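Inspection log for the structure reproduced underneath, given as structure tokens.
The chains carry the letters A, B, C, D, E and F, assigned in the order they are written, with residues numbered from 1 in each.
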Amino acid sequence: MFQNVVLLCLAIMSISVVLTVMRLIKGPDLPDRVLALDTLYINAIALIMLMGLYLRSDLFFEAALLIAVMGFVGTVAVAKHLLRGDIIE
Amino acid sequence: MDTPQWLEWLVAALILVGSLFALVGSIGLWKLPDFFMRLHGPTKATTLGVGALVIGSMLFFSAQREGISLHEVLITIFLFMTAPVSANLLAKAAMHQRLKRTERTRGEPWKQ
Amino acid sequence: MRLRSKWLPHPLLSLILLLTWQLLMNATSVGTLIMGAILGWVIPLITHVFWPNPPTLQRPLVLLGFVLRVLFDIVIANMQVAKLILGPTRQLQPTFVEYPLQLTHDFAISLLASTISLTPGTVSADLSDDRRTLLIHGLNVTDADELIRTIKQRYETPLLEVFECSRT
Amino acid sequence: MELLYSIMLGVLTMSGIYLILRARTFPVVMGLTLLSYAVNLFLFAMGRLNTGMPAVLGRADGYADPLPQALVLTAIVIGFAMTAFALILALRALGELDSDHVDGKGDQQ
Amino acid sequence: MTLALIVLLPLFGSLLPLATDRRGRSLCALATMLAPAIGMFLLWRHAEGVFAGDTLVQSLPWLERVGLHLSFRLDGLSFLFALMILGIGLLVILYARYYLAKTDPMGRFFAYLSLFMAAMLGVVLSENLLLMMFFWELTSLSSFLLISYWSHSTDARKGARMALAVTGGGGLALLGGVLLLGQIVGSYELSDVLASGDLIRGHALYPVVLVLVLLGVFTKSAQFPFHFWLPHAMAAPTPVSAYLHSATMVKAGVFLLARLYPALSDTDMWFFLVSIAGMTTLLLGAFTALFKHDLKGLLAYSTISHLGLITLLFGLDTELAAVAAVFHIINHATFKASLFMAAGIIDHETGTRDMRRINGLWRFMPHTATLAMVAASAMAGVPLLNGFLSKEMFFTETLQQHQFGNFSWVIPLVATLAGVFSVAYSLRFIHDVFFNGKPVNLPKYPPHEPPRYMKVPVEILVALCLAVGLVPAFTVAALLEVSASAVVGGELPYYSLSIWHGLNLPLMMSVVALVAGVLVYAWRRRLFEWFDGLPPLDGKLVFEQAVQGAVRRAGQFTLLLENASLQRYFAWMLIAALAVTGFWLWQVPSLKGSVALSPVDGVTLMGMLVLMAGALATAFWHRQRLVALIMLSVVGLMVALAFARFSAPDLALTQLSVEVVTIVLLMLALFFLPHRTPTESSSLRRGRDWALAGLAGLLVGGLSFAVLTRPYETIAGFFIENSYKGGGGTNVVNVILVDFRGFDTLGEISVLAIAGVGIYALIDGLRLRVPEFDSMGRNWARDPHPMMLVNLSQVILPLALLVSVYIFLRGHNLPGGGFIAGLITAVALILQYMASGEQWTTQRWGVNYHYVAGLGVLIAGLTGLGSLALGYPFLTSSFGYFHVPLVGEVELATAMLFDLGVYLAVVGATLLILANLGKLSGSRAARELL
Amino acid sequence: MNHLPVLPIVLPMFVGALLLLLARADMTFKRGLSVAATLAQIPIAWVLMNQAGDAVQVYAAGNWVAPFGIVLVVDRLAALLLMLTAVLASASVIYAIRGDDSLGRNFHSLFQFQLMGINGAFLTGDLFNLFVFFEILLIASYALLLHGAGSGRVRAGLHYVLLNLFGSALFLIAVGTLYGLTGTLNMADMALKVAQASEADMPILGAAGMLLLIVFGLKSAMVPLYFWLPRAYSAATPAVAALFAIMTKVGLYSILRVYPLVFGDEAGALAHMASDWLWPVGLLTIGLGAIGALAASTLNGLVAYLVVLSVGILLAGITLGSHDAMVGSLYYLVHSTLISGALFLFSGILARTRGPRFSVRLIAGPQLPGGALLGGLFFIAAISIVGMPPLSGFIGKVLILGSAGTGVQAAWLYTLVLLSGLIVLVALSRAGSTLFWRNDGVPAAGEPLDPLRMLAAGALLACSPLMVLMAAPLLDYLDATASQLLDHAGYIDAVLSVEAVTRGGGA
């Protein structure tokens, strides 16, 4: 039963990812895309954690944590690029 | 180790809530008419979405193994710290790019 | 609370690191405590150059209350926002609000801005160059002054207490 | 799954190769990045596709072939170094030649 | 090894003139003469044996595998040639002593000359064909140096280059021929080759061998159509011409004909090839010689003609013809050497070689004139001189040949015609130069007799002409006998060397030639006019145009291939890869193997679709670079998820970190690069590219599918089994990295460190133009360091460091390790740079990342070295568990130390790369704040 | 325990890393360290050459035996190439310390890492490890190629880098496929596995093997993958270009190592699969190399094409496959590497002497100080590389041609080798006479001759006559090398029978 709930959650997250990717592709502007990318990172965290629950394995914690860190850095970099062009100045 | 039934139910509820909030965020992202409004969807809903998931996961793994598993909370803490900053930077970028906003928006963004 | 010294530049940070280490290790034992203590001591030593002007914490308990309040607000906010998003979007009233700041310390301002972003339907979009005004975008704001009042009362005041009571 | 995976690799490779065949440095570097993703996934798959079998002793019933994973790890890091070098070189070329062409046009020989 | 000594003496002797160059010209010349003089002496010591008909072979085994031995051979033929080379060589040295101007570096000249002499001696004395090739090419090279002696003159350079190209090229052909000969015979020793004539002639490759050998011969001996280099080699100083074009260089070709005569001759092919080439050359040379106004030009074409004569004689393929050929070799050497020397004297004294200006020299230099006239008469074939004798024999032989069937009369006719011209040009040499009015406008006036000793060589040679012509039986007979019999390789038939054979057809031919020759010369004005009206045909021009044309065409062709377009190169490489792999994949019976497919689940399907969409979007939108970049990072993220999905947490972590760093890097670069790519390639080109890309995708996908559906046995079991036992860790991937395959990792961090260093060097001194507007033409935002970001980055750094310590420490047993920890640290620091700027950060964090990267590699390496001390191989790990009070079991492993090296190298290299990029814009933020 | 086999890799690695730490140290010290470390390679290689004579030496890094760990394999061939690299590198580094090394940063460190990569590629017995060392030598070569920057270098370097990145991707795909089917990375073990592979797997192994050939072909500069080389090599700093002369040989070496072993006699349908392709490719490379040499407009461009040409000859020679052909090819390999190195160095000296206005473009230039000496040495180098006697090129060509037999192959090989010889002769004589003889009478604006640079170039050049004088022992060595190379079973046996050290000290 529990597995089925996790599967359901995975399905929900999949829809969520699809919506995000649709926004990513549609744009229309760069900030929209970056925002969608940021959201995609968050969705990825959710997916990873659900996968960990599904497999009953806690080996995915670091991956989730890292996605959080890296997603943030990536978003900051793009945003900075949009603002200033140069991200390390 | 067997997980108690009630805990499984609780975890299931939590992750379901989390997933649904994440979905709401994405729906917002897709549905809302301008960038500044879309900004609200993910930065909020997904924080709680992931937050609920994290709590669920914490409970689940604490029951799975000896001791408690709290380290997932770091993910949430981290997201709480970073999400506003991302949003802030994105908003700045959007203002810099003078993105169109829905006509009914009140107030003016600043010129960057 | 002047514990800062050459050898322990950020005691609070050290404590946070020690706690975080316990979290990371997912267990607490003598070993993890020792290791956490070592790390909590060494890392601030290395990184304090990047943090030349750390905030001074005046009333930790107020801060705790503040955190709990924010957490609570987040949960409520999320429900509200979810309703807004799922409902008809045409009725939403997005607004840019200029919020006059009382806080002066960088870190405190950041904390306030973050809090605003995390809570119901508001995002801090920008900070003026003189750091006196915060630009907030609200998803659905019917009364801008009401919003400013709420923020001031619920968040800025406690933060002022925590970080800057000596100065006000 | 294997078929799907292979199709994905094919699409990834195709996109990478198409970009590689462009006339400017930036798309080429992006193409190489895509290609290296494809290659890493390819190399990784040579240990076959396993679900829930990370090669950490005591954490699963079975273990995926760890060797390709180790190889991919090496390949990722090397690929990063190489991409970085190529990219900076493209900048250097921009500085020296005032052009980002790689097709022999756009700058005086 | 006296024979080797004869060759080696002048070789080393070439150092003597260099050494004595400064000590006076006479000493220099004398020193140069030392080696040939000793050589002569050594040769004389062997004379007895040679005249008794012995063949002396001295051999020193050298390179068995190559078939190259230091073996030398002295028989009649080589004796004759060695004699001529040394004898005329000595005379030329004496002559050159006086010929060379004070400004000409004499030592260098004599050194080259000695070198050439050695090479020439080597050619004629070699027993081993490969050894002969050695010297053969050396003659080309040393003659190149001699001809180009006056290298400041364009003619000398071009002439030398042409001579080298033609003779050197011929030499290469000859090399081919010789190698094939060696393959056929099984040995390169002449004795074996000469004894295998039938084997060679019967071999299927005989025509190839013959053609290749003849190419070598004809080019060297200036046979038509390769004759054109010789006249232009006249740009050399005259002593060189006297030496090279009388007795040595050009004779090497005919020497080879003579040498290989027993092995290669006696076939129709030989007859036709050799005789027709000889005949053509004979006539063409004689004809052209008449029209040359340049004294040396005349002699050059005369030389060509006489070489043709000798070649023709060998081509006639009878033993008597061979005798005549050898005889003419001797005679030609004597009179032509003396004539060149005489020409040199005239040139030397008058300052010109143009016969239209040099007239009536008899009055000024009667002595020289006499000598020249005798020699020229010998060249014309006037009776009582040596040229007459061999020419008679030649005429006789032309009449004996019937292989042309009904056209056999052509040969004597050509011979007579050539005789006519030969008389005419000889007459011109005599009359035009020494009589025929007065000199016209000479650069040096009045000319006078040269120094006494300059004439001595000419006198000696002319005396020889006379002696041989008058009393052949007492002078040349014995030498001719032994050398000719060495050529034919056996007993010679009867022949007579007497001057008077009675009134016979050959004599009539001589008379006709003489009379007609005089008549032709008398009508020369008309002929010259007619000749001037002919279209100019100069082999040199043709050659140079051919070379220049070839160079041009080669240039065009090369540019066609290498058009500096990377796209082209990529396409080539891709096509090559597709071709070779497609070739094999085509043969696979079924791409799908025996393993059943595993089921697809929805989430994975969705992830892969997103990944594919991202990849395609990157490609489609590559013109909007930032958009493409965002799509690229989607792909990166999905790849990481794929790794996680398929049981590779370590990979997922690494991929995530690397991807972010890559994106940051790309973004850094994008600041300076254009943000959009204009459409440049045609839709056809894009179509082609998509097709190529599609095929490549098919290839990779196909390969992957084929492998994934096939079973395999792997060595992985060993790693899983030994990971804990032997490596002390439970994370097998990490144990492989730091232990089983630590060597790879060591290399990999070296790559990172090198990349960092290399990039640092690239950035060093690079300043790029900072774009003033963003891609939409707006000014950049004012605030370089948003406050919230600055504050957050300060908080995150210690936390991130903590996390990297965590990831590092657990790496050995759980997903993580030095790499990932290093990348996290690096990313956290990069965040500082992004938030607060390069200058701000560098001021506070003055770490030289060179040191960090270098230290990392050193630590990892030293850890590896540690095991050496214990007698284990490099990189052997060890670990142990220690009980620490309160803390409990603690594992200490050298692998951890190794991983620390990895960590440092990663941090150092990554920051070396990224942090320095901030300098590219020249600390723009700091500038703006001012 | 004999640790010598690991030294040619580890020594430059340590020195390279140390030089990074000494980034700010005195240049003289860094130069001394670098030169000493490079020179030290010569005796190491010498001892290894002698050791390899007895048997194939196998060194299990990390004490993990084959096929699980990474083994270094020293046979005669590897030792020979180590020696070749050591000699070439010594000359290059000596040349460089006269100023070329300060044109950019960290030259010596990069140089040492470059050596590490090259030596590693020669020594390793593991396919993936070969990839790693390829990458080391590539990344170092990128940096070295760009040493001193300048537009020419950057343009050529960009192409070189990007092409090789693609090459690396192909390498990984090939290695991956091979692993995916054989389950091993050790070349010796892989040879066994390939020999036992099923019919259905054969074509896929073949495809992977051929993909590998493309990668090696890119490194070794064969048609149609050599296009990057001429510009890159002629743009590089002389010392670097000279060292690069060995780089194409790394590709050739890999071909020589992998194909006869893994896809050799025992490989069933795949036996000698590369030869069918390599033969025409080799011939084409000869032809295009010669044409390019004729068209070259600078001296170092010309030499770069000569490198291509020599690769073609070597490919053709290797493909002949016989023992004798192998001996000839190896001899020619040594010869062509050293002499192209010498020519690159000369070209550098000449460029400095002629001054930047003329450099080594093939146009009339100023009168050269010491022109006769330079010209003479160039002349010697030229005749050596053309393959004229009395120098090593001649023997090399005779050996290769002599081993071609008398069949169709021989016809092609003779034609192309001889014709290309003629073309190169014309090209070099044009180049030489223009550079040294044509001048506008103006004294050179460049620098005077530097004795140390001349020594470096001269030393390399001296190898050519030396290779003739010492031809007998050298050929004996090569003879044994070829035997060892063709004895696959012996190699496999030696690699797979290596045992782990169980007790310390190896007593």
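Here are some notes:
As a working rule, a residue touches a chain if its C-beta (ideal position, glycine included) is under 8 Å from a C-beta of that chain, and two chains touch if they have at least 3 such contacts.
These figures come from a predicted structure and were not determined experimentally.
Common neighbours of subunit A and subunit F, listed by label, are D, E.
Comparing the chain pairs B-E and A-B, the larger number of C-beta pairs in contact belongs to A-B.
Of all chains displayed, F has the C-alpha centre closest to the centre of the whole protein C-alpha set.
Averaging C-alpha coordinates per chain and comparing to subunit C, the farthest chain turns out to be E.
Here the CA centre of subunit A is 60 Å from the CA centre of subunit E.
Our note on geometry: subunit B versus subunit F, Cα centroid distance of 57 Å, whole angstroms. Computed centre separation for the pair subunit B/subunit D is 31 angstrom, with centres defined by C-alpha atoms. Separation between the centroids of subunit B and subunit C, computed from CA atoms only, is 17 Å. Looking at subunit A, residues 13, 17, 30, 34, 59, 65, 69, 76, 80, 82-83 sit in touch with two or more other chains.
Residue numbers of subunit F whose C-beta contacts span two or more other chains: 128, 132, 135, 139, 142-143, 146, 149, 155, 158-159, 162, 166, 173, 176-177, 179-180, 185.
For subunit D, residues touching at least two other chains, in rising order: 20, 25, 28-29, 38, 40, 42, 45-47, 51-52, 54, 56, 59-60, 67, 71, 74, 78-79, 81-83, 85, 89-90, 92, 102. Here, these are the chain pairs in contact: A-B, A-D, A-E, B-C, B-E, C-E, D-E, D-F, E-F.
The residues of subunit C lying in touch with subunit B in their complex are 20, 23-27, 74-75, 77-78, 81-82, 85-86, 89, 92-98, 113-118, 120-121, 123-126, 128, 135, 137, 139, 141, 144. The touching residues of subunit F, counted against subunit D in their complex, run 128, 132, 135, 138-139, 142-143, 146, 149-151, 154-155, 157-159, 161-162, 165-166, 168-169, 172-173, 175-177, 179-180, 185. Looking at the complex, you find that subunit A touches subunit D at residues 55, 57, 59. Those residues of subunit E that touch subunit B in the complex are listed here as 776, 778, 781-783, 786, 788-789, 792, 795-796, 799. Listing the residues of subunit E that touch subunit D in their complex gives 563-568, 570-571, 574, 597-600, 604-605, 608, 611-612, 615-616, 618-619, 622, 625, 628-629, 632, 635-636, 639, 642-643, 645-651, 654-655, 658, 661-662, 665-666, 669-670, 672-674, 677, 680-681, 689-690, 692-694, 696-705, 707-709, 712, 714-716, 719-720, 723-724, 730-733, 736-737, 740-741, 744-745, 748, 751-752, 754-756, 758-759, 762-763, 766-768, 813-815, 819, 906, 909, 913, 917, 920.
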